[in-house]
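You will see subunit A twice below: alongside subunit B first, and alongside subunit C after that.
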Partner chain A sequence: MGKSHAELEGTQIVEKKQPRSLLNEAIRQVLRNRLALISLVVILIQIFMAIFAPWIVAHDPLAQNLSATYLSPGSDGHWLGTDQYGRDVWSRMAHGARISLFVGISATALGLIGGTILGLTAGYFRRLDGIIMRILDLMFAFPNILLALLIVAILGPSIVNTIIALSIWAIPSIARILRSRVLTVKKQEFITAQRSIGASYPRILFKHILPNCTAPLIVVGAMEIGTAILATAALGYLGLGAQPPAPEWGAMVSEGQEYMFNAPHLVLIPGIVIMISVFAFNLFGDALRDALDPKTDINK
Partner chain B sequence: MIANERPLLELEGVKKSYPIKRKSLTFKKDYIHAVNGITLDIMARETLGVVGESGCGKSTLGRTILQLETLNEGSVKFKSQDVSKVSKAKKMQLKRDMQMIFQDPYASLDPRQKVGRALEEPLLIHTKKTKSERQTKVNQLLKEVDLTEEHAERYPHQFSGGQRQRIGIARALALDPQFIVCDEAVSALDVSVQAQVIQLFQSLQENHDLTYLFISHDLSVIRYISDRILVMYLGNMAELAPANVLYNYPKHPYTKTLLSAIPSFTVNERKERLKLKDTDEKNGPVTGCPFEPRCPMAKDHCKTLIPEWREINPGHFVACHEV
Partner chain C sequence: MTKFIFQRIFQMIFILLGVSFIVFFSMHIAPGDPATFIAGEEAPPETVEQIREDMGLNDPFFVQYGDYMAGLIQGDLGYSYQTSQNVGEAILLRLPNTVRLITAGLTVAAVLGIAIGIIAALRHRSWLDYTATSFSLLGLSIPNFWLGTMAILVFAVILQWVPVGGFNSPWFTFEGIQETIIPALTLGLSSAATIARMTRSEMLEVLGSDYIKTARSKGVREIKVYMVHALRNAMIPTITVLGLSFGVLMGGTVILEEVFAINGIGRLLVDAIQQRDFPMVQGGVLLIAATFVIINLIVDLLYIIIDPRISYGE
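Moving on to the complex of A and B:
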C-alpha cells in the first residue's frame, strides 16, 4: 500500500465544514427563519420585561390611586391606562411577565425532569414500559385543566402550587415523546456497538441515548412553556393561581371583565399579551423542531 | 493450522429462536429458528467466512457468539470457557477479547460523539489508563487504520463511508481483541473502498494475530478473505470447506446454486445458472432437510430424514443426502 487510504479516498471529504454543535446549528437555522426570529424577539422582550420590571416602570404595580381610576391607554403618565383601583396597567403587565415566565419556565423545567426520567425508563426498560405508560395514559385521560384544577384544589391556590400542578400536567406528553425517541435510538446499531464493547446501562443511557434525544426535548420544552403560560393565566382567571392583588395576567383579565364595557383595555391588554406570548413560544418551538429535526441534521 | 491445537472458539449445537406470534387462544408460541444447531470450531488466526442469503441467521450467529443475543440451546466456548457461564469479571474480559465490526458505518457510530471520544470509550470502560495514555492509544489506533490525529476532533458525519468503517475497525481494535466478528463489514461500501478495507483487515490480522468470523452475502469478498467458508441455509449448516475447495468443488445443491449466481464477465465462460424452486414455505419442513422445499435435487427421503453432517473429504463437511 503505497499511499495511505486517507489520501487515496478521503481528501475531498477531509476539508469539509467545521464541526458544528447542535446548538450552533439550531441558532443558525432559527436566524434564517423570519417568523422564528420575530417570535424569538417577542420572547426576549418578554424576558427583558420580566427581569427589569422594577426599573422600566414608573409606578408600583400594587399602588392604588383612587383619584385616577379607569384611565384609558395613552393617558398622561399611564400609557396603558389604569384599572378600577387606579393601578398602572403597564406596571402590572411588566410585573405580570415575571409571574408568567417564572411559572412557565419552572413548571416546564420540572416537567422536563420528571418526563425525562419516566420517558427514559419506559423506553429503555421494557418491563417498566407497560406500567409507566398506563399511568401516563390515565393522566392523559383527564382533561388537562381539570387535572391542574384538581391538584391546585388539593394543595390550595398559590404560585408554587400552580407550578407543581403545571409540571405534573406537562409530564405525560414529555415522557411520551421521549419514550418514542428512546425506542428509535435504542434500536440503532451504535447502541449495539456500545454493548459489544461492554458499556454499562447507565453509560449507554446517559452518554449515548439521552444526548441523541435532546432535540425533541428542546422542542417540546419551548412549546410547553407557552402552554404553561396559558394555563397559568387560565388558573389565574379562575382564581386558583396567583392570588390578588398579585399582577397576574389571567387574574387581570378576570378582574377586568366586570368593567369590560367601560374600560375594555383592562381585558384586552392582558388578553392580547397572553395570546402573543403563547403564540411566540409555539412558533419558536415549531421553528426549533424544523431546525433540530434529526432527519435533516444528524446524518447530513 | 496445526492439527492438535485447541480451537479458539468452539460452538456446540448453538440454537437461537425468536417468538413470532402468539396464537391468542392457545397461548402457544410459534418460533422462528434463526440459528438452528451450529456446531463449529474456529481456530486461532483463521478467517472463517459465513455466507448465506439474507435472513439465514448468519448475523444472529455472530451476535450470539458475542453474547449480544442470548442463545437458547448449545454452548459457545472461547478458549475452553463457556461464555454464558462465566463470572462477571471474566465476562468483561471476554468483551475485550471478542469484538464486532458492523455493517452500516453510518449507524454504528454515535452521531453526537466525536471520533476521538468514541475510540476512547472502550479504554474508559475497560482500562485504568490516564488521559494522556488514552490519547496516545487513540492516536495510535487512528494511525493504524490510516487516519490521522486531526480526525479525532471530527464528528462521524464528516467522514466518508470507508473512513467511517475504519473508525469502526479502530474502535474494535482498541482493546486488543483476539476474535472479531465482521458482520457484513464491507457490504455497505463502494467496491473500490471495499478492496482497501479488506486489505486493511488482512494486514491487521497479520499484525495482531486476529481471528475473524467474516459474515457476508458477497461471494467474491468471502472467497478473497476466508480460509474456510461455512454456507448457511435457514439457520442450518449446509456446507463447510476450505475456501478454494468450496469454490471449485461445491457439493451441496444450495452452494452450487449460490456459486452459479456469481455473474461472470467473460462471454465464453458462460456458466449454466442453476435455479431454485420457488416456494413460500421457506421455513422448511420440520421433519426433513430444511432445504428440501427449494432443492432441485430433492428426493422423497429428503422430506422425512434430516441429512447428517458428514465429512466427505478431510475438512469438507456437507449436510445432504444426495452427495
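Moving on to the complex of A and C:
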C-alpha cells in the first residue's frame, strides 16, 4: 500500500528541513554562545601571533641588550619590558606562542591519529579488542604527566621529544572514547548493509564508521590542545622540555622566578598568557561538547 | 562478588607486571651506557668492562629483567648511579613528605570541590552558579607551577604569613600546618575544579528525578532532601572522580615539590631524570604507578559498597 500524496509531501518537507547536519547545528550553537565566541577570538589571536611573530615584533627574541635589562612594562620600545639579559619580553611571548601552539596542535594531531587507529580497531575487531584494551590499561597506569615524564627521561629534553611524549600520553583516552562510540555505531543497520554487500574493512571503517564518530573526536581534540599547552609549559618549567634560550612560556616562568622580586613581570606575563591560552581552548571545547552532545537538547 | 574482587586483583597484578616491564625496558633502550657513566668519561676501557660485568649489563635483557624483579620482590630497587645511595632507602626517606602533600591536597580538593558543586547546583542558573562554573574551568587552566610561585610571592614574601618553602616541621603542629596549607591549596585546586563540575551536574540530575519530587511532596524539609536524598546518590560518580583525582594530584606533586622546595618523591624523580640516574627514575616511576593502580582498585571496590545496585561478574 503506497503512501498518499499528502503524506509523501509531508515527509519531503521534513527532509528538506534536515540538511543541516549535527556539525552545522553545533557550529551555529557555539557561535550563539558569547563565552565560546570570545574564546574563539582568543584562539584566533594566538594563531595570528604564532604565524606572524617575526613580522609583528620589533626585536629578535634572543637578542641580548645588557644596557637595557629589567625594563618594566610600558618602557619605550618595549611595551612588555625586558628580562635579565635585556631581551624584549613581547617578542619572546609572540615567538613562545609559536612553540606552544606548534607543540599543542601537533601533539594533539598525532595523538588523534594514534588514538583513532587504536580505537577503531579495538571497537570493530573483537579479536583485537582485548589486547588493545590491555595495552591502554597499561598506559593508564601512569598517572597524569608521569607517562610524558618517562618518555622524556628516555629520549632527553627537547621540543620534538615533548611532542612525542605528549602525543603518546594523549592516545589512551582518545582511543577509549572512540572505541565506545564505534561499539554503538557498528551495531547499526547501515553497517550490516555495507558488510552484506561485501564492502572492504578500510571502506567500512573510514568511510562509514569514522564519519559517525567525529563529534567526540572534535571535542576531545579541542580539550587536548589545552592540556598539551599546559603540559608543554610544565615540562619547560621543570627544564625537561624546550631548552633555554628558546622563548618557551613555561621555561620563561622558571627563568623569571629568580628575579621575581625586582622584576615580577617576568613571571606574571608568561603565567597569565598560559592561563588565558589554556582557558580559551578549554572553554571552546566545553561549548563544543554542549553543542555536539546529543544528550543536551538543542531546543531547550 | 568475591569472583569480581579476585578478577580485579588478578588484573592488577598483570598491570603491575606490565608496568615494571615497560619501565625496565624504557631504561634499557635509553641512550647512554651506565658503566661509562659510573666509571667516568676518562676511565680505562678495562674498568668500564669490569663494571659492566659486575652490574650484569652483559647478560641478556630478560636475565637482567629477571634479576631486577627478583630484587624488587625482596624490596631491593638497586643503587643510584649518581650518589650510590640505595634507591629504596632514598624513596622511603622522602615518602612522608609526598604523602603529606597529597593527603592535604586531596582534602582541599574534596571539601572545596563538593561544596562548590552543591552550591552551584542549589542555585542553578544564578550568578553563584555561573561564578562557580567559571571558577572550575579556570581552575583547570591555571598552570600549577605558576600559581605556586605567585602564592609564595604573595603569602610568604609580601604578607609573610607562611614560610617560603620546604617541609621542616612535623605534620600536626602549628608550623607544620602553616607549611602545608599553601602547597595543598595550590595542588588541590585543579582537582577541586573537576570535582565541583561533577558534583554539580550529578546533583542537578538527581534533583530533577521523581523520588526527589516524592520526598518533597511528602513534606520532607528541603535541607533533608538535599543532604540525605540527593547528595548520597550524587556522590557515587564523584567517588570515581576522586579516585581519578589521585592521579592528577600525583602528577601535581611532581611539579609542585619543585616549586615549594619540598623533598619528596616528585623532586627526586625530576632530579633523577635531569641527571639520567636510571635506577632512581625506575624506582620513582614504579612506586607512583603501583600506588595509582592499587588506589584505582580500592575505588572500584568502594563503588560496590556505596552503591548496592552495582553488581559485577554476574
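Operating definition for what follows: the second predicted complex is superposed on the first by the 270 of 300 C-alpha atoms of A that agree within 3 Å, B and C clash if a C-alpha of one lies under 4 Å from a C-alpha of the other, contacts with A are read in each partner's own complex, and residues count from 1 in each chain.
Methods note: a residue touches a chain if its C-beta (ideal position, glycine included) is under 8 Å from a C-beta of that chain, and two chains touch if they have at least 3 such contacts.
Treat the numbers as computed from the prediction; the structure is a model and nothing was measured.
Visitor: Return first, second, both or neither, reflecting whether A:Ala234 touches subunit B, subunit C, both chains, or no partner chain.
Guide: second
Visitor: In the superposed model, does subunit B or subunit C contact more residues of subunit A?
Guide: Of subunit B and subunit C, C contacts more residues of subunit A.
Visitor: May I ask you to decide whether A:Glu189 touches subunit B, subunit C, both, or neither, giving the answer as first, second, both or neither?
Guide: Once the two structures are laid over each other on A, A:Glu189 reaches subunit B alone.
Visitor: Which partner chains sit in contact with A:Ile197 here, subunit B, subunit C, both or neither? Use first/second/both/neither.
Guide: So A:Ile197 only meets subunit B here.
Visitor: Thinking of the overlay built on chain A, is A:His208 touched by subunit B (first), by subunit C (second), by both, or by neither?
Guide: A:His208: touches subunit B, not subunit C.
Visitor: Which of the residues in subunit C come into contact with subunit A in the complex?
Guide: Answer in residue numbers: 11, 14-16, 18-19, 22-23, 26-27, 29-31, 137-138, 140-147, 149-150, 153, 157, 246-248, 250-252, 254-255, 258, 269-270, 272-274, 276, 278, 281, 285, 288-289, 292-293.
Visitor: Which stretch or stretches of subunit A touch subunit C in the complex?
Guide: Its residues touching subunit C are 134, 137-138, 141-146, 149-156, 226, 230, 233-234, 237-240, 250, 253-254, 257, 260-261, 264, 267-268, 270-271, 274-275, 278-279, 282-283, 286.
Visitor: Which stretch or stretches of subunit A touch subunit B in the complex?
Guide: Of all residues in subunit A, those touching subunit B are 1, 4-6, 8-10, 13, 16-17, 19, 22, 188-190, 192-200, 203, 208, 211-212, 298-300.
Visitor: Considering only the defined contacts, which subunit B positions touch subunit A in the complex?
Guide: 63, 66, 68, 92, 95-96, 99-100, 102-104, 106-114, 121-122, 125-126, 145-148, 153-155, 157-160, 162-163, 166, 168, 171, 174-175, 192-193, 196, 199-200, 203
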